[in-house]
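Order of writing sets the chain letters: A, B, C and D. Residues in each chain are counted from 1.
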Amino acid sequence: MQEILQYFFSGITNGAIYAVIAIGFSMLYNSTDLINFAHGEFVMLGALTMVTFSGPFHLPLLPAFIATVCCISIAGLLFERLAIRTVRFPEPIVLIIITVGASIFLRGIGMLAWGKDAYSIPPFSTHPPLDIAGAKLLAQSLWILLIVLLMVACLHFFFKKTLTGKAMEACAIDKRAAWIVGIPSKLMVMLAFGLSTGLGALSGVIISPITMCSYDMGTMLGLKGFCAAMLGGLGSLWGSLIGGFLLGILEALGVGFVSSGLKDATAFFLLLFILYARPGGIISALNVKRF
Amino acid sequence: MNSDHPLLIVENVSKAFGGVQALSDVSFQLFPGTITGLIGPNGAGKTTLFNLITGIFPADTGDILFKGSSTLNNTVHELVQCGIARTFQNVELFESMTALENILVGQHARTRCGMWGSVFRFPWVRHEEGRATKIAFELLDFIGLKEHALRKSGDLAFGWQRLLELARALASGPRLLLLDEPAAGLNMVETMQLGDLIRKVRDQGITILLVEHDMSLTMEISDAIVVLDQGKKIAQGSPRSIQEDEAVMRAYLGTSPQK
Amino acid sequence: MMRTKKIRLLFTALTLLIAATFLIPSSVLSETEKPSYKIGGLFSITGPTSFLGDPEKKSMELAVEQINKAGGINGHMLEAVIYDDEGDPSKAVNAASKLIESDKVIAIVGPSLTPTTLAVMPMVQKAQIPFISCAAGNKIVQPVDPWVFKTAQSDILAVAAIYAHLKSQNFKKIGLLTVANAFGESGKEQLVNQAAPFGLTVVKAETFGDKDTDMTAQITKIRQDNPDAIVCWGTNPGPAVVAKNIQQLGITIPLYQSHGVASPKFIELAGTAAEGIILPTGKILVTSLLPDTDPQKKVLMDYTAAYDAMFKTPVSGFGGYSYDAIQILAKALNGSDGDKEKIRQGIENLKGHVGISGIFNFSPTEHNGLGSDAFVMVKIKNGKWELIE
Amino acid sequence: MRVQILYSFFILMVALAGHFISNAYYLQVLTFIGINTLLALGLNMLMGYAGQISLGHAAFYGIGAYATAILTVHFSWSPWLALPVAIAAAVMVAYIVGVPTLKLSGYYLGMGTLGFGMIINIIFREWSSVTGGASGFVGIPALSLGPVSFSSRQNYLYLVWGCVLLCIVLCRRIIDSRVGRALRAIHDGEKAAAAVGVDTQKLKLQVFVLSAGMSALAGFLYAHLVCFISPETFSFIMSIRMVTMVVIGGMASIWGSLLGASLLTLLPEWLHAFSEFEMVVYGLILMIVMIFLPKGLTRGILDIVERSRRSL
């Protein structure tokens, strides 16, 4: 019993990490109809920037946190302006290859700027792990959980209740129609990029006390986050949350009851099964366009 | 009117999307070798009906019989093989392909060369290909675009694209042809030419179901008219009787005629 | 007609493109009196295993410069041609081919990893060129190939060192946690095979992905079988996460790590969780702790000082592999006049070479040349290494 | 007729390259270009013509390589006997996976194929008693056919490019036939294609299977060239690289696959000069090509040529 609970907690920790990245994917898809394959790299940049701000710059936690998110948001805005908007025929497959190129580019930048070593960030609080019936849950996991839930709630509020959020969603559904009713769609896309890369940086900062961070951490995290977003249903924030936790818990149970070597295989196998049964993810929000 | 067995029978068909009832309890019959006009205001369910007949999605209730057998379990391409062809409201040509190739694809259902055939180019494949090309040129000649056979279909003038789409539908050798607003976007001269062409197609024994907003064209060439409004059939009959039908007037003008 | 023209144009472009590769200068000849000896280097300088390749590349440059400053070998200068394989076997094969065919090197040092080494080996055998790998895998020198040598300590020795310590503590049951890549797999194989001779039983063997974020599930599974000790086999940052997870779960079972994490970085990453961890390491990590009688001490101190002076970064535990390889090559080159067979024999007959990773004694049946004294066991205490006798 | 000239030119180029280049490194790079062209060609049939994306195609590449490795080493089969089995294995897996997966579309199809690729890669890594595990599979024999040994780089070059030519002819013939027209129709508009009687589902599956077979052939050639394989080579990264080759070269263009494969094979070789900056430059080149030539190099170069000719 204690073991099962511990697997579950392990799944929650991983799941929260996947979910926080999945939300970045989903949020951007929600407002631009685009998957940013460089999202994992923005997570990496966030984590490493935090290392710099809290290390050599000696900023306390909160200011370092805010400075990091701002910096990466600005990088995201630049990325949109320089690489995405300049595309003459923005077909999805072209944009995908551009973001793949960007991910390699950013990884290179990360390597040049921070070197090849891994870094660690101290946890937000040095609280001992939570003990429930002998199973332990990390304080940092709770922090991630809390921030993820807060994030989803804020985004939900933003998209459903604020004018800017609604305008952003409208742009994703039909850019021309949005433009006709007076929404500055270009600005909206740029804003969405800034927001999503900011979210990526935030994810990087909150997860790296658990995972450590290095210039090549982004690829795997991006991949898992993408899976979680697809599993939950692209474009649905709550779906991403569910997808992330499901993926994390599936993996942990895979370790516990199948084999740790086949943990990813177990998770992906079930993923495929869910996709076959529900071709639009668990919560399919928008109709997904084809390539 | 023809007294043969009906070619297509639509029986008490209903279809809902979410909460919106697109079609409710619609029934009518099409007889071989006739042109039937399907009219109604926007949102009456005409396109939905087209999609049901061509098998894009199934009806919620009711049945559609083609040549006496139900089509409900057939997929789109199987129905093409049975002899149902269609055109689209917004011309859907294969734009990167030439006019000729468009018509060759149109003959997909009645040719049979598969992967192996295409790789090894057996004699029968070459024979089939030759025959298909001949038919394609005949059809291009029929619509008067023979000189433009090798031009990309996307580069053709809009009116010609309409005609080409018609020819592509004919290429499958259909018994029933569904035309979704074939005259939309055409000028008067082009519309008249189109009317002539449609009649010629009918004279070859092909049954036609026509959705069209151009009333003068519809009334002129149709043998019978079916009127839909808000998913229900409100009238059926000859063009003349429809023009005098009160329910139709109401549907189109919102009020009963002041006569 | 138009189409032919287009296609012809396309072909011209393609031909030019291919032709361009051939125009890239392979290298520039140096202007010494005697032609220089060209030695190829092939490391995973970037990519996920750059922590190995990067110091290896630097150490090779360092060794070459030291030898050249001392006047070269019989008047011949050494020239290093170094390529990056990014840890990718296909890239390694291409780069090795380039070293052999274009650069005409007389010997190759590297690659950094077992798979890349295995990928390159068939080519080296065919080209009959002395080849000194920097990878740990035992598969490289067993069975012995006449042309293939390696300087990194084999997993066998590391496992033997750990198991000897476990035995001295009277531990019987152990749990394994290895990383799911070539390094971990090779380690796991040795850990399982050598357990019985040391009177140990492996009660559970689990793996983790090298980019995994949390390993508590695996550790929980191992804990169920109540092992006396847990042996973790991987390279940073994974094992640091394992150490942290074990601390968080409140597990007090002793944790052993492999030489793969033997760097100050591990202590930095694992923080307080590193306390009490025991691991085998090459002596480079604990140079200052070694007794003055240790024959390696002087070599190690010189290397550390020179590395520090040249690159202004702290020395790593892995760079020594290529440093040793160059030193060994230099000895074998002496008097060989660049003849490959003579170099090969020179390496094979080299005895008592005091290097960074240990004292090398090669023979026709032993192409690694290191003995059990290549490793020392250390314990982490107060964030510092401490030698265990 | 025109096509025959083109093919003859192609054969001449390969023969000249094989005859005049004696440096085995260049020959090897050219051979790798050939293998990558096979991969790009197969995927281009799927992506460019049938309009279906696959982010897991490296799996079929790997299945081809591992099948021949296992058969020739563990069962001492002749490689030539192993070749059809390797291709058949990939084709069978493609069929089984394709039936449910090709019902997905867009990003979900990408996800489905990606998951499949990951699972196959994990099998390569974990089934170590058969596949050699993460350290790789050693001792794959070199090819020879009677008195002709393919262990010389020249002969291997001819073999690989012979296969490339064969596959180009195969693809050309399919594209120029009823099947190919239907494929291009699916790409232009799936709804309209179905409306003229094309069984889109069946055709997509056929092309998926075809491209899997071609990838397996490439895997076979790779395994016997390098004589060593490891799961790393067939990972997710390779799948992405394959997609990149297709898109950079130009979708729905056979010669584009050749161009894309050449560029993505040669680029890393050129970029060695940048050492630490290699990744940055590589990423930049990918981005710049896609920003300015979004239709791929083939179409992009042709467009530029056309424009400059018009302005003259």
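Keep in mind that, in the parts below, contacts are C-beta pairs under 8 Å (C-beta built on N, C-alpha and C of every residue); 3 or more make two chains touch, one makes a residue touch a chain.
Computed from a predicted structure; not experimentally measured.
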>> According to the touch definition, list the chains common to the neighbour sets of chain A and chain C.
In response: D
> Moving only between chains that touch, what is the shortest number of steps from chain B to chain C?
Replying inline: 2
>> Per-chain Cα mean versus the mean over all protein Cα atoms: which chain has them closest together?
In response: D
> More C-beta pairs touching across which pair, C-D or B-D?
Replying inline: C-D
> From the centre of chain D, which chain's CA centre is farthest?
Replying inline: B
>> Just the number, please: Cα centre separation of chain A and chain D in whole Å.
In response: 31
>> Between chain B and chain D, what distance separates the C-alpha centroids? Give it in angstrom.
In response: 42
> So what's the Cα centroid distance for chain A and chain B, whole Å?
Replying inline: 48
> Residues of chain B touching 2+ other chains?
Replying inline: none
>> Multi-chain contacts only, two chains or more: what residues does chain A have there?
In response: 111, 261, 264
> In chain C, what residues contact two or more other chains?
Replying inline: 46, 180
>> Which pairs of chains touch each other in this structure?
In response: A-C, A-D, B-D, C-D
>> Help me check something: in the complex, which residues belonging to chain C touch chain A?
In response: 46-48, 50-51, 54, 180, 206-209, 211, 213-214, 216-218, 220-221, 224, 236-237, 240-241, 244, 248-250, 265, 268-269, 271
> Which residues, counting only chain A, touch chain D once they are in their complex?
Replying inline: 35, 83, 86-94, 97-98, 100-109, 111-112, 223, 226-227, 230, 234, 259, 261-262, 264-265, 268-269, 271-272, 275-276, 279-281, 288-291
> For chain A, which residues are in contact with chain C within the complex?
Replying inline: 3, 6-7, 9-11, 13-14, 17, 111, 116-120, 122, 129, 136, 138, 207, 210-212, 214, 216-217, 219-221, 251-252, 255-256, 260-261, 263-264
> Given the complex with chain A, which residues does chain D contribute to the contact?
Replying inline: 47, 51-53, 100-101, 103-108, 111-112, 114-116, 118-119, 122-123, 125-126, 190, 236, 240, 243-244, 247-248, 251, 276-287, 290-292, 294-295
>> Using the touch definition from the top, list the residues of chain D that touch chain C in their complex.
In response: 2, 5-6, 9, 13, 17, 21, 23-26, 28-30, 32, 125-126, 128, 133-136, 138, 151, 222, 226-230, 232-233, 255, 258-259, 262-263, 266, 268-270, 272-273, 275-276, 278-279, 298, 301-302, 305
